[in-house]
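Structures given as structure tokens follow.
Shared between the two complexes below is chain A, which has chain B as its partner in the first and chain C in the second.
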Partner chain A sequence: MAAKRITREYAEISESPPSGINVSLDNDNVHKWNVVMAGPEGSPYAGGTFHLSLTLPPEYPFKAPVLSFKTRIYHPNVTNDEKGSMCIGILKSESWKPSSKILAVLLAVQDLLREPVPDDALEAQIADKFKNDRPGFERDAKDAVKRWAK
Partner chain B sequence: MPPPNTPVAHTPRSLSVDFTESLPFHNITVPPPNTPSSALDSPHHNRQYRSRAPQVVEEAVETDSSEIDESQHIDYRALTYADTVNENLICPICKVAFVDPVDTECEHTFCKECIAHALEHNDVCPFDRNPLPQPATLTRSHKIVINQLDSLLVECSSCRAHVPRSMLRNHLDRYCKEALVDCPDKGCLQQVRRKLVDQGCLHNNIACPDCEGIHQEVAMSKHREESCEERQRQCDHCGTNILRCKQTQHEEECVELIVPCIWVQYGCEHQCKRGELNLHKLECNFRLMGPMADILRKEIQTLQSDVRYLTDKEQLQERRIKFLEGGQRESHRHSNYEEWSSQALTPLADSAQVEPLSESTNEYLLNLLGDQERRISQLSSALTELEGKQTMMLFNETVPIKNQIAELQSNQQMTSMHIRWFMNWRKEDQLRLQQQQRRFGGGGGCAGGSGGASESEVDGGGSSSELATPRRSPDSLTRGLVTKL
Partner chain C sequence: MGVEQIETVVLLFPNIAWTKSQKVAQLQPDISFAQAVNKGALEILSAGFSSGHDIRGFTYVPDLDTKSYCHKLSESLVPNNVTRLADLPRSDFTLVAVAPWINAECTQEYLASARAYPTRAFLFYLPGNSSSKPPHSKSPVWNLEDQGLWKKTNRFSVYAVASTTGTQLMRQLSLYSGNMTQVPDGHVLAALPGGDSRDYVRLYTYIHINYTVGFQMVLYLTIIAGILISIICTATLVLKLVQRLQRSDLQQRMARGEVDLEALGIKRSSIAQLFIDSLPLYICQGAGWHDISKTVPRVQPLAPVSYLSDEDSDDQATGASWKPSTITPPTIPESTLNISPELHCAICANAFEREGLVRRLPCCHTFHAACIELSLQSSTMCPVCRISVLPYDYHPKITNCLVRRERKFRKLQASSARTWQEQADC
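== the complex of A and B ==
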């Protein structure tokens, strides 16, 4: 059932992709998607292009997908390393619902770029800077985009 | 997995029964301590469920790869729906229209199979994460939901026709022209599309007329159209590449082929390439008359067929009327044969009512002939019967007459005998009298002699007159007897 649902969702997203999001399959494997996301306008990430990897477990949709940034990003909710692990509410195992769709996950990531959630941070330092020195955070984020996401 | 009311052999009946009875839907691995004994009593329930989950995956792989499986198994999650399905009928887990929907305690609906899988991972409602008690109580969704699902139009994967989802199984099993069914040749063991079943086994190998390659007869047209190396050739007229097997078809439409004007039958002798025919059409002398003649011809044809139809109908009716009239007359004439004539009439009267006009005239005539034959044999037997009766009657009447005549004849003979005897008796009496008189005359001498002679003359005269009277009387006596008789 998983493969069929994933295929259906993939067809839906690639037929009418949401603005700034592009998906493709990694080696025709429906369980591994390559996502290309444009930094949302009005955010410090605007102008950047972010590559993400979306892994759908065999138990999908009963288990949540795993999402990571392949492009390094300066963001309180994403580990600032090569792994680019991230944590968003919708994907947490205690809140994942089999009825949620991948599209919703991708839109949630876009929202996270627009609006970081410092209270649920993975990078405490960046979260602090976001909370206490917003202009400094934005400057650093833009620098990071220039360095890694061009 | 099929929807609830499709009669599929591999749908486990016990499962649906479980649902209608609202029996607990217990966890697969470890049943909770307070699982009702009824659920534990049926170990197959468990086994079925455990074996079901992997089964679905296997089936899905099979349908994707092999074509043969499509006629046997329907993957209800791979169906293409004719219209967008109302989102209220979409399962939140598999994201397609519900298959065998059930409701949770929190009033959310899922496919029976989907919620079973979800509960293997988490004891919460997959929609709102409401904790569901273990074992979860699932009830079959309302009939109205199931009816809506059953009536959704889906595309048949074989023939692309749209059928209600609940009828898909039936469509594939009985009607789908493209569905694979067993070869009509019992010994063949291969499958063939239903539309080709009438042509017998097509699994013998034949040579392709184009490339001489050997293929099964059933696959030949596909080979000639799609994969044959020699399948194409250049059209002699227009030069485009065409399929060899479609050559005649192409000649019907080749624009370079020289063809006569469309009004050739009304006398236009113009001939040109088909592509240029449109130009000629504009200047053809028959462009005005042609269509008119066409219309008239069509009209005449319809009229002719109408007339033919009506004459046929009239003849049929006439024959019926004649037959009915004949039957009526017969029944009036021979009231004692009423029974059989009505018997002979009934089937015809019935057939006159029931028989559709389309029934062939031949059949009707044959029926008529059969009826007539039956009636003739009945008539001839009646005739012989009548003849016998008449002879009997005649015989009975003539016998007494004959007897009477015989009696009369014997009576007459008797009377004539009596008369003869009586006459003889009178003659003898007379003779005796004469002898007595002569004896008297001889005693008197000559005087008596002379006197006797004169007397005898007188007597003779007297006796002759006396004799004449009785001579005549027997005649009158017989005459009286005859008149008396």
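== the complex of A and C ==
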């Protein structure tokens, strides 16, 4: 059932992709998606192009997908390293529901780029800067976009 | 522990200077003197070192310096021929001193004198004719103006007796101080078998001490123990009651579906398949299912069905492989189930096909029977609204540990709920 549902979801997203999001399969494996996300307009990430990797477990949709940034990003909720692990509410095991869709996950990532959640940060320093020095944070984020996401 | 009685008697004591006999005889009161002061008539001024036995000794009046002022003061109260240390056999006998309490200075002199000898107790009396109990030991009468130092200096106990008792004792001490011919009824005593005129006839004092724990003490201890036990029992009872309330509260919240059972580690696997089977099962049928114009499709309840996969649903619908009914078929209202045919199964994202089997959860969300069965193997919650699908009366064994775990989890959830509230899209 997992493959069937994933295929359907993939088809839906491919047919009418949300603005700024492009998906493709990694080696035709429906359990591994490559996501390309444009930095949302109005955020410090605007103009950047971010590559993400979405892994759907065999138990999907009963288990949440795993999402990570392949492009390095300066963001409180994404680890600032090569792994690019991220923390997002909808994917947490206690809030994941089988009825949640991948589209909703991707839109949530876009929201997270627009508005970081410093209280649930993975990078405490970036979260502090976001809270206490917003202009400084935006400057650093833009610098990081120029360096890594162009 | 306390003094029961101070008893003074007359002892006939062989003079070891002439006889080897050690036989000490207590004289009969009718031919001598005997006095008993019960604990109600005496006051303990200071307790000395307790040896665990009765205190006893020859009764005597300690010597004062003959030139001292106190010696002069006491002359009117202490007869000249009273029993002194010199009137007692030269031996290591223990002693009980008696003296009037004239003033602080003289008492100190008497105590100092008594300390020089193996004195075991000291009886004081206030000069006068009073036969009543002496003033309380805390009374300023007994103040020696040395901040109570005297009580610590003495190794012996100090008692106060009534004025008349002391005076009488003093008079007897003067009577029984000489040799046998001089003491009262001396000729009678000398004629006793074994008696000799050279023997000593002296006053001897016993201070009987009660070392057994008093009944009152036992009563107090029992009461204290009782109070302690009742406090412990009450506390335990209250604790048990509170825990019981917490458990029943958790049970009620579980029944209302407010508790995230999975977060508490209670998995679906602990729930009988029987329960899954009891969830309402419907078969979608009727020509109008795909017909949008008929918004209310006809849905019929079915008996429990052995279920293979949704590909086989057509066979199921024909009733070819229906199992005999082993449990009560679910009951639904007379009216048909109101599902819009546009709806999709939230698990597999496919539409509800005609003739397909669907199950409906208590929260009224409907899924393909195969999908929800799969889902319920890993989660007890509705895949859409996360409300527990467990029956109202179902709850795991609720332990105090579970209550604590749930409370801890709730706190954690409350703090993270603020953060993720905006992302919850139920």
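The criterion applied here is as follows: the second predicted complex is superposed on the first by the 150 of 150 C-alpha atoms of A that agree within 3 Å, B and C clash if a C-alpha of one lies under 4 Å from a C-alpha of the other, contacts with A are read in each partner's own complex, and residues count from 1 in each chain.
Operating definition for what follows: a residue touches a chain if its C-beta (ideal position, glycine included) is under 8 Å from a C-beta of that chain, and two chains touch if they have at least 3 such contacts.
This is a predicted model, so every value here is computed, not measured.
Peer 1: Quick one: on chain A, after the overlay, do chain B and chain C clash, or do they fit? Just give me the call.
Peer 2: Aligned on chain A, chain C clashes with chain B.
Peer 1: A:A3 contacts which: chain B (first), chain C (second), both, neither?
Peer 2: After superposition on chain A, A:A3 lies in contact with chain B alone.
Peer 1: What is the contact status of A:A104 with respect to chain B (first) and chain C (second): first, second, both, or neither?
Peer 2: Only chain C is touched by A:A104; chain B is not.
Peer 1: Between chain B (first) and chain C (second), which, if any, makes contact with A:I90: first, second, both or neither?
Peer 2: Second partner only.
Peer 1: Based on the superposed arrangement, let me know which partner A:P61 touches: chain B (first), chain C (second), both, or neither?
Peer 2: Both partners.
Peer 1: Between chain B (first) and chain C (second), which does A:D120 come into contact with in this model arrangement: first, second, both, or neither?
Peer 2: second
Peer 1: Residues of chain A touched by chain B versus by chain C: which partner has the larger set?
Peer 2: Of the two chains, more chain A residues are contacted by C.
Peer 1: After superposing on chain A, check 37-45, 91-99, 145-153 or 289-297 and name the one in chain C that bumps into chain B.
Peer 2: Only one listed stretch clashes with chain B, namely 289-297.
Peer 1: Following superposition on chain A, which residues of chain A contact chain B and also contact chain C?
Peer 2: The overlap between the chain B and chain C interfaces on chain A comprises residues 1, 4-5, 8-9, 59, 61-63, 95, 97-99, 101.
Peer 1: Hey, which residues of chain B end up touching chain A in the complex?
Peer 2: Answer in residue numbers: 56-57, 60, 77-78, 92-96, 113-114, 117-118, 120-122, 126-129.
Peer 1: Please output the residues of chain A touching chain B within their complex, sorted ascending.
Peer 2: Residues 1, 3-5, 8-9, 59, 61-63, 95, 97-99, 101.
Peer 1: Would you pull the chain A residues touching chain C in the complex into a rising list?
Peer 2: Listed in rising order, the residues of chain A that touch chain C are 1, 4-5, 8-9, 59, 61-63, 88-90, 92, 94-95, 97-101, 104, 108, 111, 117, 119-120.
Peer 1: Mind pulling up the chain C residues that touch chain A in the complex?
Peer 2: 260, 262-263, 346-350, 370-371, 374-375, 378-379, 381, 383-384, 386, 413, 416, 418-420, 423-425
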